[in-house]
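Presented below is the structure to which this report refers.
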Amino acid sequence: MTLAGTDATQDGGEGARTLTAAAVAKAVSGRLIGDPESVVRAIAPLDRAGPDDLSFLASARYSTLLATSRAGVVLVAPDLAESAGEGVKSRVVVEKPHDALLALIPKLYRAPAREPGIHPTARIGRGVALGETVTVGAYAVIEDGASVGDGSWIESHVVVGTGVVVGRECRLHPGVALYPGARLGDRVQVHSGARIGSDGFGYVFRQGAHQKIPHVGRAIVENDVEIGANTTIDRGSIDDTVIGAGTKIDNLVHIGHNVRIGKLCLVMAQVGVAGSAHIEDGVILAGQAGLGGHIHIGKGARVAAQAGVFGDVPAGESWSGYPARPHRESLRSYAALFKLAGMIRGLEKLLARSDA
Amino acid sequence: MTLAGTDATQDGGEGARTLTAAAVAKAVSGRLIGDPESVVRAIAPLDRAGPDDLSFLASARYSTLLATSRAGVVLVAPDLAESAGEGVKSRVVVEKPHDALLALIPKLYRAPAREPGIHPTARIGRGVALGETVTVGAYAVIEDGASVGDGSWIESHVVVGTGVVVGRECRLHPGVALYPGARLGDRVQVHSGARIGSDGFGYVFRQGAHQKIPHVGRAIVENDVEIGANTTIDRGSIDDTVIGAGTKIDNLVHIGHNVRIGKLCLVMAQVGVAGSAHIEDGVILAGQAGLGGHIHIGKGARVAAQAGVFGDVPAGESWSGYPARPHRESLRSYAALFKLAGMIRGLEKLLARSDA
Amino acid sequence: MTLAGTDATQDGGEGARTLTAAAVAKAVSGRLIGDPESVVRAIAPLDRAGPDDLSFLASARYSTLLATSRAGVVLVAPDLAESAGEGVKSRVVVEKPHDALLALIPKLYRAPAREPGIHPTARIGRGVALGETVTVGAYAVIEDGASVGDGSWIESHVVVGTGVVVGRECRLHPGVALYPGARLGDRVQVHSGARIGSDGFGYVFRQGAHQKIPHVGRAIVENDVEIGANTTIDRGSIDDTVIGAGTKIDNLVHIGHNVRIGKLCLVMAQVGVAGSAHIEDGVILAGQAGLGGHIHIGKGARVAAQAGVFGDVPAGESWSGYPARPHRESLRSYAALFKLAGMIRGLEKLLARSDA
């Protein structure tokens, strides 16, 4: 089965568009081989594609799939153009099939449909400022003094806290909660269940109890940031928590209070960043990495999956392991570790002898 | 205090049922010692059980608790049958007390009560297909073109996205969100706050920005799957994300786009699986394990807690550690590592001497 | 820009209060240097503070910021009192500037405002007991037989399950879900998206399927506990899950079924605790640490970030690493590991020679 039918829009609704092989070739400035009239309605991987589907072959690793594929049209790299079988009606030869495919998705799949307007069940507080052509979904709650910019889409069950600012053309998916102190720029996407501006984890131990430090800082999310499902970003204690413009954050990530993340960073799933860490522009944090409090990650640095970072990482470097070290050092250390198992007895004997 | 009273149903409501010791023995085909007429209303651990409670002793480790227990009826293994004290009115001797207990829970605790019907506050979109005896709770939102199979239970504040398919006898706990592209089979249980079908983490860097790859694949959850609280499962980009029949997923797990998980797998809390990983049937992933993208985990393999898996794991093998290796290798390596600390100085001297 | 204006309350609303430098000095019993009449309305870090802001300098590391700061009033430690520049109107010298600051926050920021009453859109089930001056927000759902103590605040979209007990002066932030079996004490704070009392991850493999173990235990949260955003706490299977009084839990933490956590513990973000682990009073679990099932953590023990704990930890000890060991052992082992990389070739030669 393919992505056609009820998947024919990104939003899962009906309404497939169609493209001819010729139109595909033209759109990606590729070279057409085969029937220019064959029509595609959807995109599918080679093994599941049918005569109505567009597919692609980017790597020789999958060329066997192309030989048996029944796809109507296949985007293929020049060196692999000849590996197609009988089943494929038309091929379009392009340098980068996958990139070309991205250009075609909007031509075959409608973007999610949005109807401007406030759903009758939405609760809008006192002094709320709503921009033009805003959409507010069922059971959304916008508390007193909040503002939402032009063209933003607040989906069902979203809670926008007191005094929160949401910019233009933002999209908050169902069940997002923005605490007071949250400030979103323009074109920010927040996925379902994300919490922005929650109190940081700060206590002072006094009179036999952990006494809560009131949090009065903000959680500032700059333009063009995307935040994944069920991710949590705490507000600052006195200073602010800041997510820089164009940074993308995956699911189930934790960002502690007063953390500053620069522009155009990539933060992958389940990463945890402890309070007051400072991450410069263009940093990549891979899945499940953990960063200690108050550390500094230099511009363009990369932190590998599951790394445990307890000190500063210089700009441009790649670090990995626990405790995190420059990636090459870590690789050598872990390689040595796995050799050590077979050597340890012999080494013990050597030491015993040398002591004697 | 015991589980009786307001805990007398799984759903926390009133309405204890009762069993006599004789009925317990009959139900588990066990041998009764003591008063056949003693009545139990609930189940409690040995140390908290009272005369109205059923309890159990599976391991000699806890036999001292049995000596002082006041439980009305105790399920006990043959070799431990004699360790009960005065306080216990009746014992029922069975081979596997814990398994026997599971058979008795439904006899003492009512399953959660469900009243079929659509709550007046639920919002049902255009072209939604609801099966027979479906329950839709308060403030649930079912978007256009979605379908829900016979006997399914959509609890309060659940959001079922446009065109989503939910099978028969499913249960979606409060606050679940299903994005467009989600497809649930039959008897699927999804716990509170889980997000299924969220966009995957996919961008291409162009013109100085991370440009979002539109996701048009599906998130397919097959029959008899259970998904834990606040877990996130991304939809596929072009291919699908698939969770195989009978697989159980714990809380706070992340499943990336295009991941394929086989049948009857167990995925424990906080596991993260990166995009396009392929996991065969019967695999066990222990808590906080992380799997890299595009890797393959063979049938019946086991990945230990916190393991960092960056390559393929062959069928049937157990791997652990960082980077993950066959479990025995890892154990030997870590054992050697902890010995090394005490040897390193001596080894340095040996090397110095040998260089001289 | 500063925290003044729309951030002038913890809740993000309007209504700044003001303090003179003299009043500040009096409140913290500090020594005033400079203009006693200078007025502050908000608190900001040194680099962002303006003439209307109170700021502080706790560490010499930031004394250069003080030289150029334009803060109206600065709390400063005795040894740093002289490092202020022209821009600062008044200084207040105190031993612990940060602690002093905490005492001043309530004087400048209003606590979040709460209006007692049940929102007309809230759904209250049969036999629900609500205490005095309770607040229930928009679209909250309180199921049959639940009870909420005096002065508690149930925010919008919260779901309180059948028979659940919530104590006095609790605050449940938007979108919290309490499953049946949850029991909250007094002054418990639960942050947005947390799930308490979800079914534990328990199955028995029978007739070719993972069969679910019905969970009938409770999730007991004692007085003065705070629970972070999107954290999940499972109910017990037959025994209970218990979080001890005064314990604080951060975001995205997983607590498995039957886990017992003592009083006054600190559990940091993304920690995972497997079923039936027993954690004594005053334990600190740092971020992303993982604890195996059925293990015991002694009173006052500390577990370092990302540690993988598979055995018992004695009272008062600090453990770290994978597999976790006493912290000093781990440090020595990892230090040796990083030396080993440079030695491994030489050691291999030594062994070869000695074999010869």
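Some notes on this structure:
We just call them A, B and C in the order they show up, numbering each chain from 1.
In this text, a contact is a pair of C-beta atoms (placed from the backbone, for glycine too) under 8 Å apart; a residue touches a chain by one contact, two chains touch by 3 or more.
Keep in mind that this is a model prediction, so the values were computed, not measured.
Residues touching across the chain B and chain C pair largely diverge in numbering: under half of the numbers involved belong to both copies.
When chain A is laid over chain B using CA atoms, the rotation angle comes to 120 degrees (nearest 5).
Centroids built from CA atoms put chain C at 26 Å from chain B. Taken residue by residue, chain A touches two or more other chains at 139, 157, 175, 193, 230, 252, 270, 288, 306, 322, 337, 340, 343, 347, 350, whereas all remaining positions touch fewer.
Residues 123, 139, 141, 144-145, 157, 159, 161-165, 175, 177, 179-181, 193, 195, 198-199, 201, 203-204, 208-210, 212-218, 230, 232, 234, 238-239, 252, 254, 256, 270, 272, 274, 288, 290, 292, 306, 308, 310, 322-323, 325, 329, 332-333, 335-337, 339-340, 343, 346-347, 349-350, 353 of chain A are the ones touching chain C in the complex.
Interface residues of chain B, counted against chain C in their complex, comprise 3, 6-7, 9-14, 43-45, 48, 99, 101-102, 105-106, 109, 111-112, 121, 137-139, 155-157, 173-175, 189, 191-193, 224, 226, 228-230, 246, 248, 250-252, 264, 266, 268-270, 287-288, 305-306, 321-322, 334, 337-338, 340-341, 343-344, 347-348, 350-351, 354-355.
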